[in-house]
Structures are given as structure tokens and as C-alpha cells.
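One structure is given below, represented as C-alpha cells, and several questions about it will come after.
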Amino acid sequence: MISLLIAIPLLLAFVSVMWKRLAKPLFFLAAVTNMTVLLASWFPNSVEIHVMGSWKPPFGINLVFDNASFYAALVVNFFFFLVSLMPNLVESYGVSLMLLMAAANGFVLTGDLFNSFVFMEIMTITAVTVASRRENFYNAFKYLILGGIAGSIYLLATIFAYTATGSLNMAHVSMATISASSLVAITTLYAIGLGVEAKLFPLNGWVSGVYGGNDLAPVILGTSVSFAALYMVGRLFGTVFHGSGAGVLYTLALITIIIGEVAALRQQNLLKAFAYSSVAQAGVVVAMISKGTSRAMGLAYFHLTNDAVAKFVIFLVAGFLVYNYKNLNGVFKKHKVLGASFSMATFSLVGFPLFAGFQSKLRIIMELFSMKDYLFPAVMLLATLIEVGYVVRWNVKLWFEEETDEKADNPIVAGTLALILSLLLVAVFIKPEIFLGGAMKMGNALADTKDYIHGVLSVVKGGM
Amino acid sequence: MVYIISIILVGIGVYGLMTQKNLFKHLISLSIIDTAVNIFIVATGYVNGGKAPIYTKNFPSFAIGRFVDPLPQALVLTAIVIGVGTLAVGASLLVRVKEKHSSIDVENMKGVGE
Amino acid sequence: MRRFYAILVAAGLVYMLFMFLGTIVPYGKADVADRVSAHFLAKDVNSISPTKWVEGDKQVPHSERVYGRKGFEDGSANVVTSIVVNYRSFDTLGEVTVLFASAVGVGLILGGTRRMKYGRKPNFILRVSTGILLPLIILFGIYIFVHGHLTPGGGFPGGTIIAAAVLLLYLSNEEFSLNMIVSKSLEGSMGSLYVIFGLIGLAAGGAFLFNFLPNGVVGSLFSAGVVPLVYMTIGLKVGSELSGVVAEIHEEREG
Amino acid sequence: MALSTLLISLLVTSVVIYFISKVSWRAGAILNFLIGVFLISYVFALHIGVTSNLGTLFGQKLQLTWTHASYYFSAVSLLVIVSVMLFAIKWLDSQKYPAAFNMFILMMTAGSLGVFMAADLITLYIFWEIAVLSSMLIVPMGKKESRKAAVIYAVMSASGTYMYLYGAFLAFQRYGTLNISEIARHMVSDPSTGIKAAIFLLLASAGIAKSGIFPLHTWLRIAHGNAPDAFSAVLSGQLVKLGSYVLMITVAAIPSLRVFGNIPFYSGIPATNYFLIALGATSIIIGTLMAIKQDDMKMLIAFSSVANGGYILIGIGTMDPMGFEGGVLHVFNHAIAAAVIFMAFASVVYRTHTKKISELGGLIHKMPITFLAYLFAIISLAGIPPMSGFISKWMIYQALVRKGMFITAFIAFFGSIGSFLYVFRPLAGVFLGQLPKKYKDVKEVPPVMWIPMMTLVVISLVIGIWPFPVLQPIEGMRMDYGIAPTMRIADSSHWLIKGFSGSWNPVLVFNLFIIGFVIAYILYTMFPRPKKVDLLAPHKEEGAPINIYTGGEYIYTPELYHYNTKFYAGFERMYEKHPSWEKVLEMLAKFFHDLGEWVHGWFFRPSPSAYTFWVSLTILIVFWVRW
């Protein structure tokens, strides 16, 4: 069943290249199918695998379907589904988005190191294509170069893992005895290789250009793809390498948080400012993942889910504004619904009460204190302080400044989606279990290496 | 030795990326890194005296040490194709960069703010 | 100064990788018996217990004649092919997708509508030899991907050779431009076919990309089950795809 | 109605009010006022000790309880808010966003009440942020400068809040609870002074930021000065008191005398408290000196709020029964006085559309009721009997003298004298003096606007004569916190407030004042009245030279000859080139901004080469540093 998550969008992408006009409805169809498949197999609560070509692991390639990959796939597909509802955003990028969807699903589900590299490269190439929309070629090119370097390093890391263990299977690599020096090489290279997609400092130079360059790229890359990438960070450093190399991630992530917020503060471009903020939030998530416990990881993904929902709304609204108005002063007076959703989402980002971000931020700080880590909360609160600065500045600018007489039609679908999602953020504040339950299951699944190994290597069956 | 050559090639690629002003040379440097990594991968599978992993009349049967490791070769096949895809997208992006910014030299490009 | 720092950093990187080299087996000393590929070579993946294998009991296969026999789990004489198209077929699907994605990307980025002109006439030798070489090149490409399971080569090289033929056409004739509808539908249908093969495998054998055809005798042309079929689809797909890319690059936008 | 139901339904109602206000903002404003009146009656009817569960968060119960402190602070807040709500029914027609104003002011009320009811640190934080958020969204509704003001307000407030949050979690990690009284119990027995002091100061910093105490005081000037005029009354009269409440929680609810008994600094006051007192004293000096030189009347009172926040902090910080009661009573006095003053200013701005003192004058004839309200408010603010403002200041002085803190006492006296100076400046500049020509048609504000002002004035006056209704809950608070529980200060049966160096009989004093007033009035009527000379009478049109001249020169710029210009020139010259803390904070903000530029320039430069360089360098650093 779960191989359909990758096969269906791929098949439809191949079909739609023949009939260009079908691309948009087929993208919608693919998203709906994927959501249906996922909803039909709600939280497996065990490690299920799907072996490709019925070659058992560690010999063949296998897809792993446990709580972690289910939750990640759910989030990833959810945002693709939302994007597919907005045809004027998709335009001629339907095929690329379907491929991106297949690749993100594959990246999340795969249990094979090299296979994950292949999917990462598909993601990079399609993401570059999406990023080049609205003539944003130079930034897309920079992204391509950085992605290419990262891909090479990721591949190098995979080969080191292969020579050290004799297999490419994640479960096998995680149980094999790897010498300490070898492990250093592998984790260093993986940290750098994943750092580009996970937006770690200083590998995040592409983010502002790509997210700030058009209205489609941030909406999908800043939510789905970044969730998939950060899922892989948790899978590799949590499950496979049992937290070795976490020190590197922790340090880099803390620097990322501060750098991201500081860079966001000075930004004069709405999309770019929140692009940097998404860098900072990725830093928070990676630092939390590097803590390695199941609770910490669960909270990391809880935070990431909240951030992704908020960012979706923010980028959606910001993209609409930036490409319809020359002067953004006071535009929300004309678009009250968009404005209200934007404000709610940004307040959730900061972590004001009444919104979801409050729940995750406070829980993270609390968890860190119980781990006797006093530095990270301080960094996080300082970052939040800077965040308050620019979030309030943007809100004030967009709501209260003197308006100009430019005019654009209200986007009905986007406005409705933004409003629903921002109300979802309020709902999460009242009832955090909506996201927290799944995220915690995800954290447990990621931290439980033993279960993962057992599930992958001892179950020998094809399975749908 | 092959290892060292491939590593030096990686170094050359990185050097090229850092010093060149022409964006197409960046793409070539990236390609060099790709190639270097591919060479490295194939090299990790080499067995002294090993043959290409194809069963023929002359080498009809399996034995340890007779054939080189086929897996890295299969991986490289994939990696090469990925490199080609990257190159194609990069090159076409550069065509458009040249159209938009009137140059692909980092220092002469117009309209690249921020 | 910039170059000096660049050299310094690059040298540091080389040094770091050099340090990492110490952690892997020296060149030429790769121990195939310790790796999964030993069983790909021996074609006995199904007969060993993965649980024992991962626990360190590697169960090295005995020397056994493979060529010209039948009854193996995988039927291609070229072991690299058996890995690419059978054992790790999913990677190859990904690989095809990468190429497809970049072809789509090139199309979207360039978005040309009119054939670009070189602005000079191709010379006589090029024009005449194209006529002679073209069928040969295409034939050679087809040969390469049809024999992918027996000899070095396969769908990707074969497809590339076909695309080279198209490039030759472009070079020799300024008026020529590829029929994009044909190439796109070939590309799309072949890609779909690959996925459909996988789905048939899912239906027939319970696993995506399952080899649902009999394997035959190792070393003969009609052997290795689904492998030649897949390689043919890949060959056609890559051929049409890269031809498409060549065509896209030869197009410019109006104005 | 349970406390939690009340707060949640208030939050929901605020959204409903928005949609009602969209139809008719006046209906929304009237509904707001009615809800406010209901809340006052509700608050007065509530029994001390009622608790209510808000739910659980992170496995911790969120609890609300109704204590003497909640009662006192809620009542004071509601008094101010309801007056402003009544005031707003008319005043809002000069505003651009009446619907949003109605929504946010009700939301802010819910937040403030929640803060006062909170029994644990997280509940307090949640409602605190609600109050800050909603008030922060009202601030930019004012004039152009108010946009920047909102950002500064939010950041300054957040800097305090996040320090508080850090402290709260530090306490939680150490003591395993967030409940304030349990934390207090644990802290008394905790041997580690360093961590206790850290928790104490971190918690206090939220109060410091909010009530405008020294290092974080600069937002008051810009936020109070630029917020919508009537809302400044809430900001200064009510929101700032949230800060005082948190300071009181940290100093008194956590019994700082016992917790830090091992680090006495000066006459039994622990070093931590003394640190706060020093901050308070600094605020008094800065607030007073800066207020004196302001030309903008709202900014002037904003600085006076800084100074009065200092008084409150000093009073509470001594933890002396007298000082504590004085400090808490000063909350009431300053709230009422500041609210009336800002409402009076709002009335003036409502009619004249300017808040510069130098552009005003002589409004006493045009707006006599507003003038009267302002007059009584400043009498209270300056601490002159018989208004209630005197009593609290007197109590604080009593405590300071008894503790032998002469420097602080001197600063407090200085602030008091300074307050005479600065409150007189708008009085003279706005209400007295010459009436500019363009305001000759100005009318008194309608009753809806002056009734709330006069009500508050009357309350202040009554409490000045008979302070025991207010002192009762304060005594209750003192008992709750165990500050000399056997001592009785307010003795209503003998009409006395028993001090250290004597007692104060407000009724007697009031009678004496009435007698004095009567004598003065008789003298006033006996002597001939001053003749009125119209200084600017020949002034026909704007900008034209005036027929009269001074020192042989025509007067081209009558502003220079305004009564208010260089009002206290000699005094101001003494500290003209003062070091400005505002500049320091601006430098800090600029530092972050420049850091952003720097980061951008170095790491996010638009060339792939730079990226590659940094990526490679990071790989090397990662490789070498860690292993």
C-alpha cells in the first residue's frame, strides 16, 4: 500500500507530461490519493516494511512505515494537498510538484541510504525548478550549486557507510559495529550533506533567495520539503547513529538560531524576512533533535509542525501581497481575512499564548530545563525577543501604515485556507494533542532504534 | 592512489568553486566534484586482479575475489545520471541568467541586489 | 589573497578527506565477501537468512557455475545490470525520475518556442555523413539497451546514444526540429510503463517492482525476466528525454 | 460564574464585540462599558479564597485564585478601564479603528484580570501576554510615531517577559512546581542563594520592564506619548500596574526578607531588595528630571509614570509594613491620577488636535471641567493633602525614615518636589495663560467624556479623606504575605493611620484644608481682581507680524513668547547634556541590526563562491574542533 505514495504521483507525473492540460487536475488527484492512502493506514504503531522487488533487507531496498515516517508523510502530503487546491499557484509547475511530492514521500519512507540520496537529488532538482519561477534564475542556480555540493558530500558519506558496514540498509548500518574514527567521518559528512536542506548555518545561504524569489517556492519548500529534510536529520542522527555527531548539530543549530533571527531583523523584504525566520526555527528543531531523547525529538517535531502550518499561512499571504502590491503599507485594510490569518500565524511563530507556537515553545524550554540545559533556552528566548521585534514591526506596517490606492482582488481559496489554518493554530493551543500526539509517537519511533532494527530485519514479507 | 587522485580532484573542484568568477565554471567545478566522487566510489569496490562482474564463457562461475564489487558500479551509474540532470538544469538556468542579467560573470552581472 | 585562502581551505578539505581515508579499506583490498554484493554476484539472496547475515554470520557462497544455467533468482549475466534493474530497481526508478525532473525543469526554465539558428551552413561532410551514420547510431543505441543484461551498457547509455543521433540531426540541418509531441508522449508513456511494471509486480508478487517473469538461462538474450523489458523502456525513455533536452536547448524565446 | 469561565467568556466576547462594532461601533463601545460595570459589581461581590481550574498545561494545573491582592488590583484596574470605556463612547469618533479598539480593550481587560487572579507563574504569563498583545495592537492606532512606539513597546515588554519566563522555568526545574505560594515555601528552605537570587531577579525583570523601572523605562515615553490619547490613560493607569503587581509578587508573595535573610545589606533589607530599591530610586530621578523638560504633555506624564513606578517599587521593596502599604496604596493613587490626567489631555486633544504644550494655552475658560479634573489629579499626583496621593507618599517616607535609608528618602523627597514642577507645566501652559486665536471656538467636552474624569476625581478625593476602604484590602494583603501580621496601621475606629513618627488623621486634615480654603476664598474676593490683557489681540492672521513689539523688535514667532517656552530653563540647563539611557538602548538595537548587516554581508553574499568558502570552512572547523 505505502509504495503507492511514491508510485501514484510518479505515474501521474509521467502521464501528465503527455497531456499538459491535465497536470493540474492530476496533481490534485495525486494529492487526494496520497492523503486517502495515508488516512487509511492511520498510525501503524509498529514498524512495517515494504520490500522493493521482494528482496529482503539488507539486500534489497525497503520502505519503512512506522509512526515516524507516517507522521512525516502525513505532514508532507497535507501541504501538497493544500497547494493542489490553489491552481493559480501551481500554474505550469504541476509536473514538477508531483515529482517533488513523490520524492519527498520517497525520502521520508525509504530505509536505504543510497535510495535517500537519489530522492534527495530529485528533490533538489525539482525544488530548483520550482524556485526558478518568476525569473528567479540566479538564486535557483545558487541553490543548485549548494545542493550539488551537499549531494556529493551526502553520497560520499553513504559510500563511507557502505565500506564500513557492507550494506546500505539503515537498520543494518545502525546495528553494525562501526569504528569510532569511521563514525566520525560518516556523521561529519552526513551533517554537512543534510545541512543544506535542513538549513543549518552556514549552509543556508540559499534560503532567502529561493524563498524570497517567488510565491510558490516558499509555500511548498518551506513547509513540506523542509519537514522531510528535518525528518531525515532525526532518522539519521537519532535512529541510525544513536546521537553520535549530535554535538556538531547542536552547536551549529544554536548559531543558526541567532544568525537566522538577526538576519531576519534587518530584512526589508517580507518574504525574505520570514525565510530567515524559518532558518531560525529549523535551528531550534535541529538542536532539539540533537538532544536525542524521544521526548525531545517529539517536541522538536511538534514545534516543526506548528512552524510549518504557521509558515504556510505566512508565505501564502506574503507571496500574494508581494506580487500584487508595490507598496505594502497598510494592505491588510483591504484584505482583512488575509491580514487576520497572517497576524495569527506570526503570533503563533513568536509563541504568544492563544496560538500553537506557545505550546511547543514552552514545552521545549521546559524539557530543556529538565535536561539541565540552560544555554539553549536562553538562546531561544533571545531569538524570540528578536522575533517579537520584526513580527510586530511587520504587523504594524501591514495593518496600520498609510495605505496606497493599489488594488487587487481577494484570493478566495488562499484566504479561506489561510483562515482555516490559522484557526487550526488556535485549536492546537487549546488542544495540543491534535499535533502533539502524533509528534510524540514520531519521537518515540525515532528514538527506538531497537524496534526499528527488529521491525526491518526480521519481518520478511512482501506486504502491500 | 586512485583514492588520493579523487580526493585531490575534489579539492580542485572546491578551489574552482571558490575562486572562479564565471558561473559556468562553477557548474564545471561542481561536475569535477561529482566525477571525483564517482571515481572514489568505483575505487572502493576494486579487488586486486578482479574482473568486471559479468558472467561470460570465460568466467562462468562465481568465486570470491574473482570479480570486483558490482554494487558501487551500480551506484555510480545512478550518480552519473543524477550529475547529468544537475548539469542540464544548471546550464539552462545559466542561459536564462545570461538573458536576464546580461552576463554570467559574477562581477559584471546587473540587477543582482540583496 | 582570495586564491591563497581558497587554496588553504581546499587543502584543508583534502587533508580532512585524507584522514577519513584511513577509516576505509585500502585500494584493491575490498572484501566482497563482507558486503551484500557477494550475494548479488552469487544470485543467492533469497536462500540466505538476513537475520543471521546482519548478526555477522556472512554465509559466504561457494564457488558455483552460473553462466548458461537456469533457475536462479535473477537471470542477467551482467551483475551490475541485475543490481540496477532488479535488486535495486527502485533506485533506478528514482534515477529515471531525476532525468525526467531535469528534462521537465529544462523545459520550464527555457520555455522556448522557436528553433534557434546557428547562422552558418553545416558543411558537406557533416550533412552527408549524417545520412549514413544516423541509422547506424540508432541501431547501435538499440543494441546497447537490448543487450543490457548481457554486456556492459544498458538503458541509460543506449538512450544517450540515441539522443546523440538527434543531436547530430540538429547539427546537420538548421531546419530540423524535433516533434515535441512524439518525444513527450514517448517519454511519458515509457515512464508510466516502468511504474506500471512495478505495479504489476505489486499485484503479481506482492512487492513493488517485483520480477514477475521467468528468468530463463543466464547469458541468453531472452532471459532475466523483466530486466530487458525495463531496460528497453528506460532506453526509449532516456533517448526521447535527452533528445527532448537537446531540442529544448536549441529553442529560443520570441522577442 | 467561575473565574475561569469569566475570563474565557470575556475573551470570546471580545471577538463578538468586534463584529458588533463593525455594524455600529457605538453599540460595541456601550456594550463594553456595560460589561465593565458588570465586572466591577462581580469583583466586589467575590469572596476571598475562591479558586478555579483553568485546565492543565504540561501536566501542571493552571489555577486561578481570588486573593486580597487580586481584589485590590482588579478593582483599581477596572475603575480605570471602565472610566476609559465610558470616555471612549464619545471619544472613539475621532479614531480610525473603533471596532478593533473595542475588541482589544476588552481582551486586554480579560488579560489583566487573569494576571491578577493567577495562582501560578505560567497562568500569569499566559494572561500577561494576552494583555500585552492586545494593548500592543491598540498602541499603533495613534498618530504616525505610534507605529514605531508599538514595536519598541513590544520588544521592551518582551525582554522583561522572557527573562521572567526563564526564571519561572528555573524555579520549576528546581522546585518541581509553578504554584507561586509553593515556590515561595520551597525558596525559604533552599540553601543556594545564587540560584534563588537569579530566580528572584529574573521574575522581577518582567515587572521592571512593564512598570517602567530604570533600565527598561524608555518605552513609556514613546508608547504613552504616542498611543491613542484615551488609551494612554489605560497604559499609564492600568497596564503599568501589571508590572507593579509582578514586582509585588516577587518581593512580597515570595517572602524576600526570609528567603534572602542571609544576605542583609542595609538595616535588615536584603541585597536583592536593595538592588530593586536602587533601581526604583534611579527611576525617580530620571523620571522627574526628564518630565520637567518635556514639551509634549503626554510624554511629560509618561516620565512621571516612571518616577511613580519608582515610588511603588521603593515602598514595596522595603518590606516594611508601612512601606509596603504605602507602595501598594500608591498603585491606587497613581492609577487614578494618571488616568484622569491622560483623559484630560485626551479631551484637550479631542478638541484642539495637538498635544504640544507650546501650541496651547488658556483653555481654562473654554474647558473648565477638564481643567478642574486635571487640577485635582495633579494635586493627588504631587502628593498634596487632602487628596489621596499624599497618604501613600507619607507612608513611604515613614518607612524610609524608620529604616534609616536617608539617601533613598532624599531622592523620594526630591522626586516629590520635582513633581510639583512638572505637573505645573501643563497646568500653566495648557489651561492658564493666553488662549491662541485658533482655539477661540473650542467647547467643553460632552458629559460622556467628563463624567468618568470627575467620578475618578471624586473617588480620589473621598479616599483622601476616608482611605480605609482601600486600606482594608491592603491590610489583608499584608496579612496574607505575613509582613508583621500583628501590626495594625489603618485604624478606622479612631480615623487614624498609625505611622512611625506620628499618626495621620485624614478627616481632620481635610477639615483644616476646608477651613483654609474658605479663608483663602474670602481673601480672594476681598481684593481687586486682576485685569485681563489680551497679549496677542492685534494678531489678525497666522504668521503676520504682531502690532506690539518687545525690545524694539516685532514678534514674528509668537511661540517663542509662549508661557511654556523655556519654562524651567535655568533648571534644565543644569542637566542639558545628560547621558541618555534611551541612546544606549538604541545602540543595542542598532547593534543587532548591524550584526544582521554583517552576517548578511559575510555569509549570505550573493555569490556561490562565498557560500562554498563558508561551507568548506565549516566542515573544517567541525572536523577539527570536535575531534
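The letters A, B, C and D name the chains in turn, as written, and every chain counts its residues from 1.
Assume a contact is a pair of C-beta atoms (placed from the backbone, for glycine too) under 8 Å apart; a residue touches a chain by one contact, two chains touch by 3 or more.
Fair warning: this is a prediction, and the values are worked out from it, not measured in the lab.
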Where centres are the averaged C-alpha coordinates, which chain has the largest centre distance to chain D? C
So how far apart, in whole Å, are chain B and chain C when each is placed at the average of its C-alpha atoms? 15
Hey, how far is the Cα centre of chain A from the one of chain D, in Å? 44
Roughly how far is chain B from chain D, centre to centre by C-alpha average, rounded to an integer in Å? 67
In whole angstrom, how far does the Cα centroid of chain A sit from the Cα centroid of chain C? 30
Chain A touches at least 2 other chains through residues 114, 118, 121, 125, 128-129, 132, 137-138, 141, 145, 149, 162-163, 168, 184, 208-209
Which residues of chain C are in contact with two or more other chains? 5-6, 9-10, 13, 19, 24-25, 30, 35-36, 40, 88, 91, 94-95, 98, 101-102, 105, 109
Among all residues of chain D, which ones touch two or more of the remaining chains? 606, 608, 612-613, 616-617, 619, 623
So that we know how the chains sit together, what is the shape of their touch graph: line, ring, star, complete or other? complete
Residues of chain A touching chain B in their complex? 114, 118, 121, 124-125, 128-129, 132, 135, 137-138, 140-141, 144-145, 147-149, 151-152, 155-156, 159, 162-163, 168, 208-209, 212, 269, 272
Interface with chain D, chain B side, in the complex: residues 14, 17-21, 23, 26, 106, 112, 114
State the interface residues of chain C toward chain B in the complex, per the touch definition above. 2-3, 5-7, 9-11, 13-14, 17-18, 21, 24-25, 27-30, 32-33, 35-38, 40-43, 60-61, 63-68, 77-80, 83-84, 88, 91-92, 94-95, 98-99, 101-103, 105-106, 109-110, 150-152, 154, 156, 218-219, 245, 248-249
Residues of chain B that touch chain A when the two form their complex: 10, 17, 23, 26-27, 30, 33-34, 37, 40-41, 44, 71-72, 75, 78-79, 82, 85-86, 89-90, 93-94, 96-97, 100-101, 109, 112, 114
Could you pull out which chain A residues touch chain C in their complex? 3, 7, 10-11, 13-18, 50-61, 92-93, 95-96, 99, 102-103, 106, 112, 114-115, 118-119, 121-122, 125-126, 128-129, 132, 137, 160, 162-164, 166-168, 171-172, 175-176, 179, 181-182, 184-185, 189, 457-458, 460-464
